Structure formats: structure tokens, C-alpha cells
Amino acid sequence: MAEVVSVMTESPAGGRARAARTVLGQVVLPGEELLLPEQEDEGGPGSAGERPLRLNAEARSQVRVVCGPGLRRCGDRLLVTKCGRLRHKEPGSGGGVYWVDSQQKRYVPVKGDHVIGIVTAKSGDIFKVDVGGSEPASLSYLAFEGATKRNRPNVQVGDLIYGQFVVANKDMEPEMVCIDSCGRANGMGVIGQDGLLFKVTLGLIRKLLAPDCEIIQEVGKLYPLEIVFGMNGRVWVKAKTIQQTLILANILEACEHMTADQRKQIFSRLAES
Amino acid sequence: MKETPLSNCERRFLLRAIEEKKRLDGRQTYDYRNIKISFGTDYGCCIVELGKTRVLGQVSCELVSPKLNRATEGILFFNLELSQMAAPAFEPGRQSDLLVKLNRLLERCLRNSKCIDTESLCVVAGEKVWQIRVDLHLLNHDGNIIDAASIAAIVALCHFRRPDVSVQGDEVTLYTPEERDPVPLSIHHMPICVSFAFFRQGTYLLVDPNEREERVMDGLLVIAVNKHREICTIQSSGGIMLLKDQVLRCSKIAGVKVAEITELIQKALENDQKVRKEGGKFGFAESIANQRITAFKMEKAPIDTSDIEEKAEEIIAEAEPPPEVVSKPVLWTAGTAQIGEGVENSWGDIEDSEKEDEDEGGSDEAIILDSMKMDTGVEVSGTGSQDAPIVLSDSEEEEMIILEPDKNPKKIRTQTISAKTEKIPSKKQLKKRKKKRAAMLKLT
Amino acid sequence: MACTQAQLVSGSANPGRTRSVGLWGHTVYTDANMRAEPGIESSPRGPGCSLRHFACEQNLLSRPDGSASFLQGDTSVLAGVYGPAEVKVSKEIFNKATLEVILRPKIGLPGVAEKSRERLIRNTCEAVVLGALHPRTSITVVLQVISDAGSLLACCLNAACMALVDTGVPMRALFCGVTCALDSDGTLVLDPTAKQEKEARAVLTFALDSVEQKLLMSTTKGLYSNAELQQCLAAAQAASQHVFRFYRESLQRRYSKS
């Protein structure tokens, strides 16, 4: 076993089996294995491989870790399957959630995600909605606020829909609704006929939707605007004039490739002009 | 794959923006997107970027016999390919209407305008002429394919050098680049296509439409012009009615645009020529922008291979020697012969022999073999229980198994090679017995 | 180290494991037997072994979900990946993603050589891509040869890997391609140029994974002995470390602003 470990440490590319805690915020590559905190404490990487994962064995090492996107359980370790920065969120108890923050363009439906879809077809009782995933999502005409069999919502092919996934898994057709559990629209539904739709990477959307995102606050100071972010990478924006809408869209697109300092400069320059 | 549909809201916004003389990328009505031309290390290879639209051009040549009715003219051949890389909706191996239209337009722009002196491509009249082939690959589709493709085609043709030939009597000598410098093609003029997109039945016009603008346009006018403002081809599609004035105005704009583009092309060509002459670095590696964070370069890296021999020896020493090769042909029955171990009839008995491999070893190798299988995931087999004893009886059922088709015939070889450790005589006998039975089966 | 090496032997001696190598499974050994020369070609292998300069640019195309251009010396390949995307009903697989590789030559139409390479690359990708996570979808890798100056297949593999990483397709490991050439006096050349490939007695291309440098695919051309094969593999493994380091550094640079 010791020999294997030495192989790991000398391999510069693999850099295998590092402790998850030590690489937080760093770039991880597919194929890397991460050790959970519990294993570090008890014996270091050398002996970690010999023990099976005991999730509830002792009170001391009771770790409940959730593998987020880009991670999979591999025996008693975490296997990285996507490239990106490793993130961790500590909830009240347990080992928390680990995930890989990657910059991808293709969306994979996830239950509970709010997305912007384009209606591609009406067939009977359901609408087919393109969300950018591998298959169109279905949306019942009853899944709108106040919709009844008689009172059908006014939805045309080509309209934009802001909705939420209630069914999304790899084996089933995704299903969207435009109401929350109380039957309220809660901001969801058909998006107005004006405004501009554009696409950004999924990583940028997550950044923009973060609770303390300074970009949104800065953008809000520039012009009064209406904006909708879909987790599928689509952004709809509307300002008073076409010109302002275009400026906003271009700023948001450009945010992707800028550091926080660069963004500050841009915003201060725009505020002046 | 299907294209992402265009929403009503995008369509409406685009049209309203066009009415207000605004474009999504901040351009003016008559502005082209940035054009970037980069050359490969080979002659006649270039990549043209028109905004995000990218086209790869490559010119090649070969000596062929000329067409019967044009005995003294070389042949020009254009082929534009819309690869799926460029857009998800382009399907491989399908001649879509768009592709046919674009190819035809390119031919008209470049071949029918006689911009290449085809007579200078003749080597021996009626016997040998050069065929110049221009391959264009669309790498990324963000609108206005035809302009990008026509620029790529003419740039590649200008950049191309064909091998020098000499004719002495009946003898045609082809010189390699080392013997004689390759010669450029003789190009009379450089026709370049300029696209105009029309909206609202021709009320509004845009130069160099991008992909989203193309999706909401009503009609398209393509004018191919050279820098002398001679019109080489003109095509209007989409079924809009244009006034004479509009066409004339477009041709004037096209003239101005083409003059600018031609200048850019010439600068790019001169630059490449200069770098090549001075022996500097050239090729696509040089055109990757260093400051981009998505790009990364690594210099030539020496690899320490001093210990590979030892490693190899170690492995060979550890590995078992391969099985003896039976060089004498074996006659099983009249009319059959077998040389060496060969591939035995393995219908159905693969599973068994695999198990034997894994059983008899008990060594590391067998276990690792198993893990290899899992890791590569190329094949997953051996589902049966590993400890199942191998029973060979002469009952009918056994024969039935033989008739089961093997899933993958490659396993047979796996077995013969990896079974190099098998020195157990009983196993060999078993095999022979099987073979005999198989042979007998065939006879009966 | 010894343990990983042993795996390699079993891996390489087992064409069935890598499916594509059926070609030489048999030849290796008959060849080794016939030329029973003592001390097979232990020619000097000095500092001559090196990889040409590498360059890679990711996410350079706007339409595909992921893209990468990979340059090894003057050899250059552009790769674009779509996935997990919709799949044709005829190609749908109920429990995993349909992986497709399309290789486009620069001149002319794709022929048998391209089809064969497509298959080799596809099988390599299949081995590392976790397709079971996205059943009934398609993952399409489109490769365009930009220029061929030797070690083309290795470059295709590297471009495909970087594009898959850029796309965010879940993978159990990274992979890289390394080409070795053996010239007439048995000298080993890594990452050969077109000229070196032409003059070589044998050209061997390996695909190796990043976790344990195990063999995922190998294809060879020409005659070589058993010992030479192992030497080439060992050299390819050494070279793969550099390629993986290059991958890591370029990906770290890519994510440096996020």
C-alpha cells in the first residue's frame, strides 16, 4: 500500500487522493480522488484506503457528505468527474456539501431549478418547451396560476416561459410548472413580448444568482430594468430603451471573463458616461 | 440535433433594434465584424475568422488529365463542407439545400469569374494539367458563411504554392520543394462576396448579418466584387423585391468593403511571407493569443527515458513466456489443416476458458486483469460465477452450448495469448478434445 | 511502481481488453519468437526523446457545448463536443449516452483511415466517459484536422479530451495520446514528426488514463519486438505525465478568474 501511495504522490498529473479540505477553491480535474475530513483525522492518506466508509459507525466520525455536481462517491472517497473549482458548503451538522464549480454551456435539468424555456409545440393538454437540455420539457396548460379547463392560459409557440422543474431526472422526461406549491405564480409564467433573450454559461448564471452578487447590484444602479435569470444559462433583460437593453446584455455577457477589479472599473466608467 | 428555436421575443427585439439602427454587437449598419486571417505551416492553408464565424481553407493540387473539351486548361474544384462542429443542426454527410447553394455561389464567384489563370495550370496539352482543389470547412457558424468562405478561398489560393514542373520532350519532371522553390498560382483578381440582409420587405438593410440577424431576415443579396469594383456574381435569394437603386447602392457599398478586405488580405499575406523568409515562427501555434486565459502553451519538453529499458526488461522478466508455437501443420481430418495454436472453434466455450484463466492463476496478474477490465470498461464479461467447475461431458447439452454464438470473437485471441501460463497438460488435452469434437461436429 | 507496470503487461497482452488492438495481439509474440536475437536492440536512448511544443486553446468556438484546439508542434486538431444532447431514436441507448466521434480530414472526404481512427478514439472516450449518468442522450465529438505533421492520432485524442473537459461531460479520468516511433536501428522517438513517422520501422500510438497511466487503447504499425513494445509503453507513460501536467496547468489557467 505504501508503494501505491508513493506512486500517487510522485504523479504530478494525478496528484491523487488529496484531502478535500485542502483543495477547496482550487481547480480539480476529472479522475482525482478526494479524501473526506474524517479520513484525514484518523490516519492520513496512507491508511485511508484500508477502511470501508462508515457513515454512521461512531459518533465521532459521523459524517454525512453530499456529493454535488461533478463529484461521485468512489468507495470511501470522492471521485471528481468534472473540471472546475472545488466548493464546499457547511450546513448545521455533518460534512456538508461538496461540488465542482465548472463553466459549462450545456444544461442538464435538475429538479427545482428555475429556467427560461421556449415553447416549441402545443399538443393537446401540454406544451413542449425547449430548455436547452437533451429533450424538451413538458408543461401542462393547467400548471399556470388561475388556469382551469375552461380558462386556458394564452401561450403561443415561440413564447418564453419562466418556470420550475417538478420532474427532472436522467430517466424521465422533464416536467415544468409555472406555479409554486400553493398554486401561486410567484413570478413564473409567460415572459412579456419585449426585451432581449441571450445565452451565457451556466457558471455565470450561478455567480449572478448568488445572494451577495455585486454585479446585479451594480447593474441595477445603471438603469431601471427587468431581468430574469434561468439556471439553464438564458437571461432575459428589458430596460426602457433598446439601447439600454443592449448595453445591459453586453455588460452581463462580458462579466464572464472579468475579474472583480475589472468589473469595478467598467461599472465606474459606465456610471460616469 | 435540432437548432435552438428562435423565440418571438428575440425576433421582435431584433427587428425593433434594426429599425432603430442598432445591432446586437454594437455595429453600425454597414460595419463588418472583425476579420482575422491566420496561416498554417503548409502552403495554401488558412483560417479566416469573421467575428465568431470561422472557416478553414486548404488548397491542394494534383496532376490529372484535362477535360476533353478543354485540353489546355487546368481544373479548379471547390468544396465547402458544413461540419457538425459549426452548428448542431448540420448533419454529417447530408447535402442540404444551403450547402448546395453555398457551393454553387462559390463556384460562380471564383471559377466563373476567371480569377485564376487556368491556362497556366497546363503542363502537357491534352495530357497533364494541374487540378487545384480548394477544401473549405466551416468550423463555427455565426452567420454570413458565404463571405467568410469566399475570403478563405481566395486567401488560400493566394497563399498556395504548387510544385514546379519542367517538360523536356515527353518527360515531365516534378520537383520537390527542396530541389526547386514551389511556384504560386497566377491570380488575375480577387473576387470577394459581400452579403446584404434585408428586413421588413427590403426597408432595412444590414451588411454582414450574424446568425440571429440571418434568422429574422426576409431576403439576402450577395454581390461578389473585386477591388477594381468589377462585379463577378450577384445573387438575390429569399424572394424580396428590390429596386434598381437598392441594388446599385449595394454594389457601391460592396466595392468599398471589398477594397478594405483586399487590403487586409494583402497585408496578412505579406506578413506571413516576411516571417517565412526571415525564418521566424509561423503557423497556427503563433496565432493563438497568449493573453487569453483559455489558451496555454508549453515549450518543447524533454522526457527522461533513461529507465525505460530497465522497466521493459523488468516487465518482460515478470511476464510468462509466450506459448510454444507449433510450426508443424496438424491434420485433423482429411481436407483440414491447422498451423500453430491458431484460433480454435470457440463457439460457446469462451466463458469457460476465461474462467480457467482466472482460476488457475491465483496470481496477481489474473486479479489485475479483472480490474483492467473494469477500468477500461471496454468489455464487461465473465458474469458467471468464477468458481464454477468446468465440466466437459459428451452429453447432448454440451453440444448445445457449442452452438451458442460468441458475443465477441476477439476474446478468442485474448485467451490464447493471456493463457500463456497454461502449462497444465490436462488443460491442453481438454482443448484437443474439444477441437476434435468440434471438427467431428462439422463433419456430421 | 512495479504493481502498475504489471498491470500494463496484462493490459497490453490482452487485445480483448482494448478491443482495437486485435491487430497485433498475435504478431507481438510470433515476432518475438522468430527474432530470437540476444539482447534485443539495446540502442542508446539519450536526451533525444522529447515532446514537441504543445499549445491548447479551449472554448474557442461559440456554437458547440465545448471545444478545444490542440497543437503538438505543427500538428493541429480542432475538436468540438455537443452533449448531453438530444439523440436520434435509431441511435438511442436506454441505459447510457450514445457516444459518437466524427473525424474530418482536411482534404477530401473521410475515408477508411478516418473511420478506423474514429473508432479508436470513440473506444477510448467510451472507456472514460460516464455515459450511464446521461442515458438516452448523445455525446458527439467532432474532430477537424487542421494540419498533420506527425502523431496525428495522439493529437486527436488530446484535443478530444480537452474538448470533453471543456464541455463538462462527466469522466472517470482524463486521457492522453502518445505516439512513439522506432526507426531502423531501434531508436525510440517520442511524438514523431511526419518525416520521422515515414522513416520509422514501427509507429505505436497509445492512449493512457490519468489516474494510473493505464493503457486504454493502442494501435501500431510496423514490426517491433516484445521488448521494444514495453519500452515504448514505458516511454509513453513517462511522456503522459508531461501531457497531464500540461492539461492541469492549462485548466488551472482557464479557471484562474473564476
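We call the chains A, B and C, going by the order they appear; numbering starts again at 1 in every chain.
To be clear about the criterion, contacts are C-beta pairs under 8 Å (C-beta built on N, C-alpha and C of every residue); 3 or more make two chains touch, one makes a residue touch a chain.
Everything numeric here is computed off the predicted structure, so don't read it as measured data.
Colleague: What is the graph distance from chain A to chain C, where chains are linked when they touch?
Modeller: Contact-graph shortest path, chain A to chain C, evaluates to 1.
Colleague: By the contact definition above, name the pair with the higher C-beta contact count: B-C or A-B.
Modeller: Higher C-beta contact count between the two pairs: B-C.
Colleague: What's the distance between the Cα centroids of chain A and chain C, rounded to whole Å?
Modeller: Taking the mean C-alpha position of each chain, the two centres sit 32 Å apart.
Colleague: I'd like the Å distance between the centres of chain B and chain C, where a centre is the mean of that chain's Cα atoms.
Modeller: Inter-chain centre distance comes to 16 Å.
Colleague: If you average the Cα atoms of chain A and of chain B to get two centres, how far apart are those centres in Å?
Modeller: Each chain reduced to its C-alpha mean, chain A and chain B end up 34 Å apart.
Colleague: Where in chain C do residues touch two or more of the other chains?
Modeller: Residues 2-3, 59, 82, 85-86, 138, 209, 212, 254, 257 of chain C each touch two or more of the other chains.
Colleague: Enumerate the residues of chain A that touch no fewer than two other chains.
Modeller: 257
Colleague: Could you pull out the residues of chain B that touch at least 2 other chains?
Modeller: Touching at least two other chains: 293.
Colleague: What residues on chain C touch chain A, complex-wise?
Modeller: My answer: residues 1-4, 59, 65-66, 82-87, 128, 130, 133-138, 165-168, 170-174, 209-213, 240-241, 243-245, 247-248, 251-252, 254-255, 257-258.
Colleague: Show me the residue ranges of chain C that touch chain B in the complex, using the header's touch definition.
Modeller: 2-3, 5-11, 13-19, 22, 25-26, 29-30, 32-33, 42, 45, 47, 49-64, 67, 69, 71, 74, 76, 78, 80, 82, 85-86, 102, 104, 106-108, 123, 126-127, 138, 140, 142, 144, 146-147, 149, 188, 190, 209, 212, 214-216, 226-228, 230-231, 233-235, 238-239, 242, 246, 249-250, 253-254, 256-257
Colleague: What residues on chain A touch chain C, complex-wise?
Modeller: 3-4, 7, 11-16, 27, 29-31, 70, 72, 79, 81-85, 101-106, 108, 133-135, 170-171, 203, 207, 257-259
Colleague: Which of the residues in chain A come into contact with chain B in the complex?
Modeller: That would be residues 118, 120, 130, 132, 156, 158-160, 191-197, 236, 242-243, 245-246, 249-250, 257 of chain A.
Colleague: For chain B, which residues are in contact with chain A within the complex?
Modeller: 4-13, 16-17, 20, 22, 24-26, 293
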